[in-house]
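Pasting a structure here, questions to come.
To keep things simple, chains are lettered A, B, C and D as they appear, and every chain counts its residues starting from 1.
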Amino acid sequence: MSVLVGDETRLVVQGITGSEGKFHAERMQEYGTNVVAGVTPGRGGDEVLGVPVYDTVKEAVREEDANASAVFVPPAFAGDAVMESLDADIELCVAITEGIPTHDMVRVNRRLDEVDTRLVGPNCPGVITPGEAKIGIMPGNIFDSGNVGLVSRSGTLTYQLVDSLGRRGVGQSTVIGIGGDPIIGTSFIDSVRAFENDEDTDVIALVGEIGGSDEERAAEWIDENVTKPVVGFIAGRTAPPGKRMGHAGAIVSGSGTGTAESKMEALRDAGVRVAETPAGVADEIDDLL
Amino acid sequence: MSVLVGDETRLVVQGITGSEGKFHAERMQEYGTNVVAGVTPGRGGDEVLGVPVYDTVKEAVREEDANASAVFVPPAFAGDAVMESLDADIELCVAITEGIPTHDMVRVNRRLDEVDTRLVGPNCPGVITPGEAKIGIMPGNIFDSGNVGLVSRSGTLTYQLVDSLGRRGVGQSTVIGIGGDPIIGTSFIDSVRAFENDEDTDVIALVGEIGGSDEERAAEWIDENVTKPVVGFIAGRTAPPGKRMGHAGAIVSGSGTGTAESKMEALRDAGVRVAETPAGVADEIDDLL
Amino acid sequence: MRLHEYQAKQVFADAGIPTPSSEVVETADAAREAAERIGGTVAVKAQVHVGGRGKAGGIELADDADEAHEAAEGILGMDLKGKHVEKVLVEEAVDFVDELYVGVTTDRGEGRAVAMVSSEGGVNIEEVAEENPDAIARTHVDPAYDLRPFEAREVVYGANVDRETARDVTGVLSTLYELWDERDADDAEINPLMVTEDGGVVAADAVFNIDDSALYRQEELAEMEDEAFEDDFEARASDAGFDYVRLDGNVGIIGNGAGLVMTTLDLVDHFGGSPANFLDIGGGADAERVQAALELVFEYENVDSVLFNVFGGITRCDEVAQGINDALEAFDELPEPLVVRLTGTNEEEGRELLTDRVETAEGLEEAVKRTVELSGGDGE
Amino acid sequence: MRLHEYQAKQVFADAGIPTPSSEVVETADAAREAAERIGGTVAVKAQVHVGGRGKAGGIELADDADEAHEAAEGILGMDLKGKHVEKVLVEEAVDFVDELYVGVTTDRGEGRAVAMVSSEGGVNIEEVAEENPDAIARTHVDPAYDLRPFEAREVVYGANVDRETARDVTGVLSTLYELWDERDADDAEINPLMVTEDGGVVAADAVFNIDDSALYRQEELAEMEDEAFEDDFEARASDAGFDYVRLDGNVGIIGNGAGLVMTTLDLVDHFGGSPANFLDIGGGADAERVQAALELVFEYENVDSVLFNVFGGITRCDEVAQGINDALEAFDELPEPLVVRLTGTNEEEGRELLTDRVETAEGLEEAVKRTVELSGGDGE
């Protein structure tokens, strides 16, 4: 079993004729992901990387039975691309694009309430089940198959942690990058729930950062629902209030909500082992296995 | 038993401090309707006709357990007033106002999909169960209690028919004016279904008019679902195409859809006895009883 | 309210939809001058609200200014399906390789907008819908999200629009939806949307109907209203707040409530008469409104008799009768016979109040028969 | 992007919200002239992005033009919570009987806007929210319907706003929502909204923060962006496409990916150093971007050492090393020592490529410790 992606994934790449979309579609194919189609409006009938291109996602679903999508569409159009996946009954939509206007995501978020699609991201590296399949932009070579379920708001920090785990010989069941934007589809809770229910996952790693209160809510949920050990890490302890630290969502409000301290405390209160450094995270996990 | 209104009705009148609202609130009280509150923004705390006035419908629901509302609010604000009732979990909202912009009703109609409220109207005379209660502007004195369930898109034409029935000694179980606008809440089907399920109703009268295809849809539904005899009447046989005949919804399209002929034929095909004149309707009903 | 083609085109052009250059004129001389300014071949098009203007002779092509003058002379003043032509649009003739239909209209049954594109433009779209429904791609628009770009694309690609034209057509469809949404439109349609040799698009016709109930918040469009009326009677009725439609017959009809008035018209027809108008006087019937209604109906030269048919509900029949009596004081002599029929609350008191300047009737059928008789029909 | 008070007030005023008359000036003399034109008592207000300006001495009342001159002289050039004051707003002082809070902000947790009114205006609303939550009425706005008038009323009456003021406050709240909606705002707030003796309202302060990701479609607001920057470094970083935040320490930090850079800052702190900045160089690391990043970081006079920390994923470490080498050619001499740490794909090849102009480190902790040492800290 795996979380979110696997052999049954039939992926349509939205924006497959763009340079990013094409580059990463090819990397995904190399990694073993079953890319069944691409979508670029106006390019229907073309073929790219050996798969057919359609004008709309609905066509890709109808013709190729696509059940997952990856959005590599420029930010001004990406909210609409996500909406298109939602309306095409795609089961899993992974939105890679960074810089989607928040208000576009407000509308997407409203629509998510009405459909069955799971959205991961936006502004995320994607989802990978090492050795099986990936949807996203993660460098596949750094991941190893194993029993740690990792969920993170950050891309390169995730790679850093995976690298640290790899140096200790620890692999991952699935890694979910939920994204660094203020409004995202899949939350920490959604991810932790999936790991709790995944028989291939023995330890859960939750990598948060300043801004918002998704970590605090996850802590509460973990306290009540999770039986597996959880290791936590929060980036941004030194971030000044009111400043956006790279990610659109990584900001401590002027009045001091969304701080690293608040999140670390909430996680600790929920029994999560919170590490102070990336190496510390790997050590804690190593210790638990 | 009665349809829609009765002893359990606890009515809040939206726009109770306006001249129309106040006039008809008093008529409804006289008829026996349990008016429990009024709403006029900015007039909260006042008292009108012996009932308290609130600023919002939610307050009226909270304080007075209102479960029905009547909207006597000018057209520019009436769509919002209906929305307010919908969001306050009112069970039955009767919108009397004529001239609500269609686009406001498009939004109301969307919201209706998400809530449990039944909307009657707008641009309708309301609902009356003779001898029990009425919500609306019908002249109560012309109605008699009986076993005909009457549903109509028109106001005065309904009164004319009720008057004709009265002269033959035939009373009504409930009369529903569904309204003459292009987009309305309760449809013919909804009304006929209620009458079919109402043990006090023995004969159903369906009074339609040109425009749209609600009658045609009702005919189809009647054919499949209704066991009680139905008498039909369609106004507007002589209306020229492309002209709005008073009601915003009473218009035969340029290409000839929504004609009286189409509706009469559909009803006849469904086994409905379609009369050519109001007197003919009364005769048919009299004949059936 | 239905805008004239030239008004609708102006609105569409302001919103960024390509339209041919054109001028609206009221004389043949002005048509000649307009054709000179525009240059090349022009179309001279009657500005009246009827379908199938072309077939009926309301549209002519003119290769030069003289021909434009001639065409305008022929079209101006003509009667097109009963409409008097007072204006023509002189418009650049567009070379095209294809004609599409693009439109957004309110679907009453669904209670929301439907956005449509068809590769079969330039013909009656409702006929296409019946005979070849697959030739029309459509989507209902959820007002919660408005027309999303991907939905517009689904419709355009669904209608098999050429790749090089699809983006422009998508833009036009999105703009029509925005106009529908922001301008309280019932219909916003272009038929045909011409596709030019270079793959561009041009709106060769334009339909823009606005919800009358929303004109209060559509100032710019409301200002176009007077020009949009083609019938002086209808303009005056609108000013008086009546719902009024002029018809071809000779029996004038005034009543209260749309359904009752429609039924009265049907009965006039049923008993061998021919209605001259629909006039819903609305709620209340004070002297001023009754007088205005009577003046409007009597003034139409066709009218030979008038039926005043009111159901007294909340407004009692005696009050209505009083209103009628007061109104009649404004008339030295009634131009044509008037039959009054009052039913409902206090109907007997009402009938007693009425003077013998009018005829009265008790039943609806009886009143209609009598009025038809007075109009010269047989009333059977 | 956070607008200055004077910019936000202009936007609010253009949308119809009452604001006091005011002028923004950069010299004390200009403040005197502005005060003369405005007349009466004025407030002189520092235009910097800090909370609690008043308590910190950034707002002064002046009874006449001379006092305004004096107040401006004191405020202009002052350091307010670390912000240099370059502009003051000279504004008509409003007599008020009550102060409200009215605001619309994005609630991340709910993924939609929340519209709020509080009768306790003029104080930190987040403190009110903690200490007296009942004093704030709020509603989450469903984007499917936007803020409906009845919802605005529910909030205003829920906050117990006086009957005679409620309609105006409802109007202000609705306008703030429209601004939030149409201008891609994160926050649109007025605190306090002053209630005047006659029951009217005036916006005495204004907060308007715009989503940076949406500036491409907010041309008018984007034009205000340069003026909104208070830090030349941040303006330059924005032009270069870097995410950059200037801090007080002396360890310059460049990295790729927000989470990794934040973590690097945290580690610098953890090992006894003090970060001088946050700089996320983003995806790719070609010579041009590396050079621009190094120049920006070195130029800040605080900086004593710099850590370049990159995780090579899809972009391989050897490519990044090449970019660094190429970039270093632009520097005759590095102003301060530079530590480079490369991990990930092809990390060894990358480290081998690097010249001895830079120090290299393998582990993240090791690299941070070394950079802290070079900055004069103890690195433990």
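The working rule: a contact is a pair of C-beta atoms (placed from the backbone, for glycine too) under 8 Å apart; a residue touches a chain by one contact, two chains touch by 3 or more.
Here is each chain with its UniProt name: A, B = Succinate--CoA ligase [ADP-forming] subunit alpha; C, D = Succinate--CoA ligase [ADP-forming] subunit beta.
Here the structure is a predicted model, which means the values were calculated and not measured.
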Quiz prompt | Between subunit B and subunit D, centroid-to-centroid distance (C-alpha), Å | solution = 55
Self-check item: Interchain centroid distance [CA atoms averaged], subunit A/subunit D, Å
Solution: 27
Quiz item: For subunit C, what residues touch not just one other chain but two or more?
Solution: 143-145
Quiz prompt | Shared interface positions of subunit B, touching two or more other chains | solution = 107, 110
Quiz item: Drawing the touching chains as a network, do you get a line, a ring, a star, a complete graph or other?
Solution: other
Quiz item: For each chain, which other chains does it touch, given as pairs?
Solution: A-C, A-D, B-C, B-D, C-D
Quiz item: Hey, which residues of subunit A end up touching subunit D in the complex?
Solution: 23-24, 27, 75-76, 99-103, 105-107, 109-110, 137-139, 141-142, 152-160, 163, 180, 182-183, 207, 209-214, 217, 235-240, 242-250, 253-255, 257, 260, 276-279
Quiz item: Contact residues on subunit D for subunit B in the complex?
Solution: 144-145, 148-151, 153-154, 157, 163, 166-167
Self-check item: For the subunit C and subunit B complex, residues of the former touching the latter
Solution: 49, 51, 106, 108-109, 111-113, 124, 126-127, 142-144, 181, 184, 186, 211-214, 216-217, 243, 245, 247, 255-263, 265-270, 275, 278, 280, 311-314, 343-345, 363-365
Quiz prompt | subunit D contact footprint on subunit B (complex, rising order) | solution = 41-42, 44, 55-59, 77, 80-81, 83-84, 87, 107, 110-111
Quiz item: Which of the residues in subunit D come into contact with subunit C in the complex?
Solution: 143-145
